[in-house]
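So that you can tell them apart, the chains are marked A, B, C and D in the order they are listed, and the count of residues begins at 1 in each.
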């Protein structure tokens, strides 16, 4: 636990698009965090991060950075193999670790990281930013309101157009797709749903692309379906939540939140049916809050200070990996697995 | 006044698109109205109306139809010259008359029809169906609600793509456009606004098309602006009403009604700002109510029975013609006319 | 087969809301069809239909109507038990029969009607108007275009808020709901999908309402999912079609048709990604074409004249009833049935 | 002119919401710019900026900051009186200056700043970020495309809900509103329109709020209308551009860009009418590009390096101030002023 009297000393690893465009700018906006070192295997790229994170020392080796920098935490946006390797290096030193998704390729790797983190009592985190996106939080408020009733079903659409070939030394395009893209939607479903009891999946192939259907069931009776795949023209994201009191809330592309409410009485019209309520962010919405990047890093830093778990830590991602395993193994014949028994 | 003990005997004149597709089908749905005769100068076209209005006698001359049919009312969808001529023929016989817009070409023609109708105590009507469209009525309910405050401003968009050349023996494309298209929007503005005090207008030409700006001011302080013209890709229609209590209601294409309400408290979220309420018709909305055709004919028939004025009679259209005169005469230099002084 | 030299003589049975508001007005707009008789068990209600269908003779007994009226066809909007009974009465007389959905309650009843109709060589029809809705036809054009690729998946949402208790002497709210509401969505899926090979379903209960998940698979590899139930605040309808060439077409409430097209090149912007094409009906869209009522009756009449099958005849509905059987029997544990084997 | 060999040394003044939330974070993302000093009259607030702009020296007096810091440029987000005062202090020292809108309260103040900047050959800038918002740039591409034709009319809606009382030692709520809010919309209209020839305005009061109508005409024949005021429930922003070739492009809340194109041929449907093209940002759009904050500061820095004018410098804002003068002085009787003559 780091006291509140000083800023957290963070080392950032990975000079790719996600680090530059989102994670470093968001990290700079987290209170009492200081990026004291930046690192990339290519020294030139690492140096270029320095202009974003002024005053940070430049490294081309994570090990060297860790040795030199008295870090409280490492934040990484690298391929999962690097996440795994660096995490295994820093966790035993008591350094907290936050990685962009995916943290690793296999479920057994994830389990080993979970054990290691427990043993060394470090806080871990995965960059599943959708959870922390402000419109998702607003949706959560709606569905948790007593008037909404119990959440009965969650329908998620996560169309995407890549990857179309295997990544990260995997031999499976589907698994690569799930780890690179659908992980967000699956994690979100599980974060709304609670304890996962069953995952089933099937997929369809066409013209070199894949369409994936994933059904999740939870111990509290909630179900979720996810339609995803790389056979869409572009990335989009929609969630629909159905409540037991005949209410529906839909979040469209992290922009429009619509609530259709069976109990609604319009202020101007007594006739509630066919009226819905729609919320949108400000036209000038800027920064990294709506997309969740600030929120995830802020909550990670708070967990370090408070000595508590971060809500999206390695362990929290385990059911998501179980679901990814089910979906990876699915064929046209449906795959079904009771997750609770594992 | 026709008692309620029997159906109104109506003769329909004009076998064009508007008659077949909208007015006759709508008329068939008005209670206690019977289409006893149909007429078109081309007998073949008149005969084809008979299959829509079964049992109606077929005529190729309005005079013959009137002489033979003991009519209570005539409903017409013809060019305005024919409206004028037939109206002058039937009104002196005490026959009520409803004409599709426009009733005539000039304001002086309209005035002469108004006098004639008063003299012979007949009910008249113009097919300004937007007034009677169910979503417009719903908008009216909203703006008339005390919570909405006083109506301060009305902004109307009426893009259209025709006519592009003069019609009806007029030599002005602009006047033809105003009589054929913008008459709806102007009439609607006036029906919301009350007593018109000033109309100003200017227009812009480009590539053979025209864009028309019309501003209306009313004695109660309300203002209205209309952006219209034939230089748009297709017909559309939007109205925005602004109330003194910081409320805005928008009707988009007679389909989506949106209310942004400064006093709103969401049921699920205390944060009212950026929430709006949206209403839509049923996906299966069918028939002639949403577009106002049934409503206008029903109200016309009721006025005949009750011996009262119909809200969209010839006289009610006079301020609309004044505004059309202003807009017809406008140039790039603005035309302004105090309507109250006329 | 009735020659084109004369109008089809049709008797209409059932003076309820659907008959008055949609079917009779639509029937009046079908070429060369004449409603010569109307019937309802309550004579007063039957008489009230007469004002809609002028000149039609009034009956309170279908048998009497049939005996007296030399009918070519009967069109009915009654409860399914009445559809069954009347169909069994008229088919043996060689009278063609069109019934509002549902035609009957059980699959075995439907099979008996199919046999009867084959034996007597009559044309039959069911009022699954969504198939004939003009925006659905437009969607069909899009997905049948070679550029769209093969149709891979169809996702349908059919939220509804009734019925909440059993109807039609059934003891199952779910079956009643499926027959009254979801039949449209299931029929539509099958009309896009072709030969059904497998139907699976599960449902969830909450606060007296039900949420139904139905998955359909077709012999050509297409799959379809339907989310429906009576636990929604109001009726709505959405279809999403996914094509093998990474295209998506969405029809929202029979109003907005959106195509997201991976090959799109904007006219004004070379950057095709994130551009979509949206179509809407005219704001003044009126009548019974958009909702499909005219289209279904027109096609039924044409089939009678041509002596061919009507595309939505009793036989065409058989796979829909198979799927309804699967969904009726489903529990929280999934029900699965190979439809091809039946 | 500052060579490209070193970063621009910038001092930032003003620790309010706009500086913290938008300008400093955006400035940190501009290449080759270094925030070397931050300043606020309240030292505590200034110090808090230091955590955003790490390594910057903290000042509570602009004069002290300028004296100590060898600045190339000052960027400010203060009240306009402070902008004026500091600009007058730093410009004679050859320091370039960028101020959040509004740069000053009166047109004569603006003129004096323009003269001063010319005399001392410094680059100036005003934070009219809408100009640089990426969706606005995309709209500009559309309207500048030859296929769009000449821009004929621009219709802008800028509803707002504040300020409701005078600010900045002004005695006019209207002028304060125009300087605080409508300045964006007016500047944008002028940036699309070119040389302004005439501005006319009228306003309406209700319940302590104001609704402002502003009409602009340009020497090239383009016109623009702006509907704005503080009597709306919340801030929103819409632009509609009409081209001479019957095309319309609409930008809704810096999110949805819609093009209705008279020449459109759908890929999937030959029927172009009623199809429109809609573009949206990515759901995860983050940072300060969409809202224009990065773009404006980047272009300002480039102008300094290149020794050229910045497109939104003090001089560029002069026609906007003329229009604000017209609108400030308007009453219910319209105010009209030929801007070209001034």
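By our rule, contacts are C-beta pairs under 8 Å (C-beta built on N, C-alpha and C of every residue); 3 or more make two chains touch, one makes a residue touch a chain.
Being a predicted model, the structure only gives us computed values, none of them experimental.
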item	value
Chains touching both chain A and chain C, listed by label	B, D
Steps in the shortest chain-to-chain touch route ending at chain D and beginning at chain B	1
Furthest chain, CA centroid comparison against chain B	A
Rounded Å distance between chain A and chain B, as computed from the means of their C-alpha atoms	55
Centroid distance [mean C-alpha coordinates] between chain D and chain A, Å	36
Interface hub residues of chain B, defined as touching at least two other chains	261, 264, 274, 280, 282
Touch list for chain A against partner chain B, complex	138, 141-142, 145, 147-148, 249, 258-259, 261, 263-264, 266-269, 274-282
Residue ranges of chain A in contact with chain D within the complex	21-22, 25, 28-29, 31-32, 34, 51-52, 54-55, 129, 235-237, 253-255, 280, 282-288, 290-291, 293
Partner chain B, residues of chain D touching it in the complex	149-150, 152-153, 155, 159, 161, 202, 204, 206-207, 209, 211, 213, 221, 223, 225, 227, 231-234, 242, 244-248, 260-262, 264, 273-274
